[in-house]
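Please go over the structures that come below.
Same chain, two partners: chain A is paired with chain B first, then with chain C.
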Partner chain A sequence: MTARPEELTQTTPSPAAPVAGAPVATGVSVRSAGLDRTVLALAVGAALVAPWILHTPYWLNLLVLICIYATVNQSWNLIMGFAGIWSFGQLALFGVGAYTSALLTYHYGVSPFLGTAAGAVAAVLASMVLGLPSLRLRGAYVVLLTLAFHELLRNLITNDTTKWSGGGFGLFGFGQYGLAGLPQTDRMMVFYYAALVLLVLTNLIIWRILKSPLGLAFRALRDAEPYAVARGIPEYRFKLLVFAISAFFTGLAGAFYANFLDAVGPSIFDFGLMMNLLAMIVIGGWGTFWGPIVGTILLLYLNEALRDIDEWRVLIFGLLMILFVILLPQGLIRPLESVADRLGDRIGRRGERAPSGGTTG
Partner chain B sequence: MQNLVQATYSGLVLGSIYALMAMGFTLVYGALRFLNLALGALFTLGGYVAWLVAGQWGLAAMLGIVAAFVVVAFVGAGSYQAVFRPMIGRPGWDITTIIASLGLGIVIENVILIGFGPRNKSIPLLLEGGFRVGDLLRVQYQQLLTLAVSLVILLLMGLFLTRSRHGLAIRAVAQNRDAAYLVGTPVHRVFAIVMAISAGLTAVAGVLLSAVFFLNPGVGLAMGLRGLIVTIFGGLGSIVGTLYAAFVIGLLESYVSMYLGARWALPALFAFLIAVLIVRPGGIAGLAEEARV
Partner chain C sequence: MTETILECAGVNRYFGALAAVNGLSFQVERGQLFGIAGPNGAGKTTLFNLLSGHVPASSGTIRFKGEEIQGLPPHRICHRGLARTFQIPQVFGSGTIEENVLVGAYFGRRERLPAFGFDRETRSRADRALEMTGLGAHRRAPAHLASVFDKKRLMMASALATEPDLLMLDEPFGGLNHGEIDDLIALIRRLHGAGLTILLIEHVMRALMALSERVLIMHHGEELAEGTPDEIRRNSHVIQVYLGRTAGVA
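After this line comes the complex of A and B, so read on.
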């Protein structure tokens, strides 16, 4: 059994040649972020029209979930794919948002809108509790601390015997933003467009961040940390900042999710759900802008299509995720992009292109 | 006083199981430099193999431990060849291996769930009965056996690492992979062996703990987390540090469970670990690179 030397050489980042810290070359993400306006227009158009075509509660429910999960996944991708923070606490922050808004509305009669905002703020606070000790540390430590944070929250709520948090049963009947009176389909339509606003807003802001000097700094930290730090990027502060931004949208999505379902329970911390979200990001294209969105749509649809073989779904997603990490670590977005590029070339409308590869530009 | 003695004793027993579990993480991290998060699921798998051998087929319980070690070791080596080998050394491999190992863990866990169902199972005790030391301490033979098995296995592992050619190769690869490769060490075979041993140790931990508690497809998550806490506390990759850490964490968990209640065990461990990491980011060992594995 022999090994080729290049397989074994550990990559050490050097100033001259920044080494990619994520499976995606740095240039790609920028380019795909600035991908043809056509694609963007098509996507937004499709998102606006979709609920009128899939005009049943069943499909609308799925569309709302797509928007919520895509928001969470994009926020997770921001810290994991772009900023290189190996956090597995995203679902926990989602749960913090959901539980905060649910508890405030359920126990104290706070307006659900205020509760939703509070959910986002609480997630940011929780992310600081998590981030202050862990973001100074190296990768493996962050993995552990964030996983432990997740398990800790799940444990505290499941084992809560005071019934204040609803314990293992959860809390019901607090939300819907006062829309409970509307006919189901109409209510779903309102929820869908609200969720779409959430998704688009999150993505716009994350896109702005990625295009800003801050985004460049994050990619530099991810790809060549020693170099970036030597150039004077305040790593810890930037990581805390990106962690907070990501937590804000995740908490917002969580609070919205709780109000949409009109229920919250410890199953929100289900480890299988975390795996599913991770699979969506990895399969779509980790460290790319469109990847998490494509992955979310695809896997949530697959999740519904495989409804009949319920117990196999997590297994299938896990296997898919492993296969993608091994065979196509850039995710589905790369092949999709090259198809889109070829189409674009044929029409003769080439999008603005950043030079591929390299962090300078 | 009675409580204190009893809690100390069960803390030591718990610590010996954690030592096995954490050694799985430590070996892999020390030699391959990645976190194998599938170990939690392999812990569960070990328990189920023993349950099948000892509980269902009615064979000797000791055989259950051996079977669990062998079967899960093969799964560990197989997972290296199939999943991790293609990834090692690629750009970003340190995080892609973690993601893949999480995926592998969930796959194994769900295979167990589909194969054996979600209901709790119990492995027959390896040894029944026990004795009392005055009114201070209740000792079960099972616990003594757990301690003995863990210590013997850890000792064997230590001898293997320090005295055998394979152990030498493992330590060489852990210290400097490229240099080891250049002098002709079959690096990938060494990695497969490390993965096999770590999986086997984890499986034994699974059998020992499941014989005391119970077994269901989800037990690996909590145990994997505790194994990780021990590993990090011990200094991530340091064998001696991991040993100390396992007993410290075992004792701590035992005391917290005794005096505050079992549901505070994990929060306490978590708070403790954060405090330790703030003071000593390198864990208790805080050893330099050369002292790993």
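After this line comes the complex of A and C, so read on.
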């Protein structure tokens, strides 16, 4: 309800100097809507065509994972990059979604579709457990609290000896949304387009939120909290709201992931995976809209391309993340955007129409 | 004839053993321009934080438009019509000048669940605030690049966009040059002339004395003196503690 007094007496915290590595991005792009629409059309076109070019189970599997993790990363980016809440409970919420749908379908024969919806709802409820105690905390303390939640869930499941949750072995054979009978490639195609719908819907809704008064309020709270509440923004309510929105899509993605793999286990809480997701957001550009998507595609691709060097990949991603934090804290997306802007300007100057989706099929 | 808009009675705030604000009582009438001054550490900003709800009072009552507001969270106090600025310029750095003002215009009036866009009424409130403060031409500029003067005017604009009954300005003149001080004095006069009640904390005595109808001098969290600018100038306590001999007759 109130800020700690020492923050507010004579030395009101200065928002002007951004914390090193914190998102200083302007958030929603101020570039021409025309260029945005062109980029969007190209991206969606490419996403629709991709599975017909990369038409093997191996590549399709990667494409599905890209859609799932990009959904999780964009949701994480919403709460951490745009709303400035340092929540590290994202993977835990992903796990809540996955386990909820798996348990309901495995034990109680609930329809996998209903189970998937329940996964999203359960993640929202869990995010309230996570969000409420976070409200009075700041910065690193939110990190600690949310990480503790993550570890708690991981330990509960790993040490579950009743076999109800599957314990350390996990649960298998509950998912696939009834598609198990299809030939592998066809099944993967269906999963890919379903994952693409998940990704596009999530991103459309988050984009709309960022452009709306609510998105402005999230950024205002991030930029200068005492100032934001002095202009009438109900801090606690909106912070819980961003927890809930972010958790909804993350839980949905988690449930979809469990059904896609047809398996769920405590490896879903793997710390290395969390670091990889973080690297995707940081390298892509957190606090930017396109950054997490670009970062996810790039790192998941690299992860496959460098499969031969195995464990060295973790080291490489770690080094990449350090390099980006130091040299390009705004991520890859800024330089990419300025190239796109220059291209857009040139095209605009020649008075030509920007190329549209082209071979979209 | 006159109506009391803000009334503090025996307001205290302790930080540990330190009484930052100690038994303070004063009243502000509607339409008044009320100035508060005092040495560094006198408790002026703490008083503002108590009034705006950023820091809860340890004891005492704060009545705004007849209702007690101590204990309300800051956003509700804003909704009731009390808007403040900050001593150290605050901006929503990721937004444009216009977006900064839209925050006040949209959220500053009442509790609301955000819609998908900004309604026309919100936009026209923001436009009026931008015009009043002379920022209309810069609306598309990124706020974090604004000068200190523009950031201070921007804080006022976002406060005005909430259409407050009482505007509280925390050292608006600090860090400004002479020309900017004159411009800001003119702006505050215009706002006051239009009927707005203003509570002003200020170190720049030239501006404070020129603007205020009543002045409260704080020292060690307590009231040292209260009166018209002329009475304050002649008050021997104030001269001794705060103004100094030369400033006292200036």
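In the analysis below, the second predicted complex is superposed on the first by the 316 of 361 C-alpha atoms of A that agree within 3 Å, B and C clash if a C-alpha of one lies under 4 Å from a C-alpha of the other, contacts with A are read in each partner's own complex, and residues count from 1 in each chain.
In this section, a contact is a pair of C-beta atoms (placed from the backbone, for glycine too) under 8 Å apart; a residue touches a chain by one contact, two chains touch by 3 or more.
Note that the coordinates shown come from a computational prediction; the quantities given were computed from them, not determined experimentally.
Of the two partner chains, neither chain B nor chain C is touched by A:Asp310.
Of the two partners chain B and chain C, it is B that touches the larger number of chain A residues.
By the document's definition of touching, of the two partners only chain B reaches A:Tyr141; chain C does not. When the two structures are aligned on the shared chain, A:Gly232 is found in touch with chain C, with no touch to chain B. Touch criterion met: A:Glu151 reaches chain B, while chain C stays clear of it.
By the touch criterion defined above, A:Ala217 lies against chain C but remains apart from chain B after alignment on the C-alpha atoms of chain A.
In the superposition on chain A, A:Leu319 makes contact with chain B only, while chain C stays out of contact range. Shared contact residues of chain A with chain B and chain C: 1-3, 5-6, 8-11.
Remark: chain A residues 1-3, 5-6, 8-12, 14-16, 18, 24-27, 30, 208, 212-214, 216-217, 219-220, 222-224, 226-235, 287 touch chain C in the complex. Chain A makes touch with chain B in their complex at residues 1-3, 5-11, 19-23, 80, 84, 86, 133-134, 136-137, 139-141, 143-145, 147-149, 151-152, 155-156, 159, 271-272, 275, 278-279, 282, 311-312, 314-315, 317-319, 321-322, 325-326, 329. Within the complex formed with chain A, the residues of chain C that make contact are 15, 20, 40-41, 45-46, 49, 52-56, 73-75, 78-79, 83-84, 86-96, 99, 102-104, 106-111, 114-118, 142, 144, 155, 158-159, 162.
On the chain B side of its complex with chain A, the touching residues are 29, 33, 35, 37, 83, 86-92, 94-96, 98-100, 102-104, 106-107, 110-111, 113-114, 177-178, 181, 186-189, 221-222, 225, 228-229, 232, 236, 263, 266-267, 270, 273-274, 277-278, 281.
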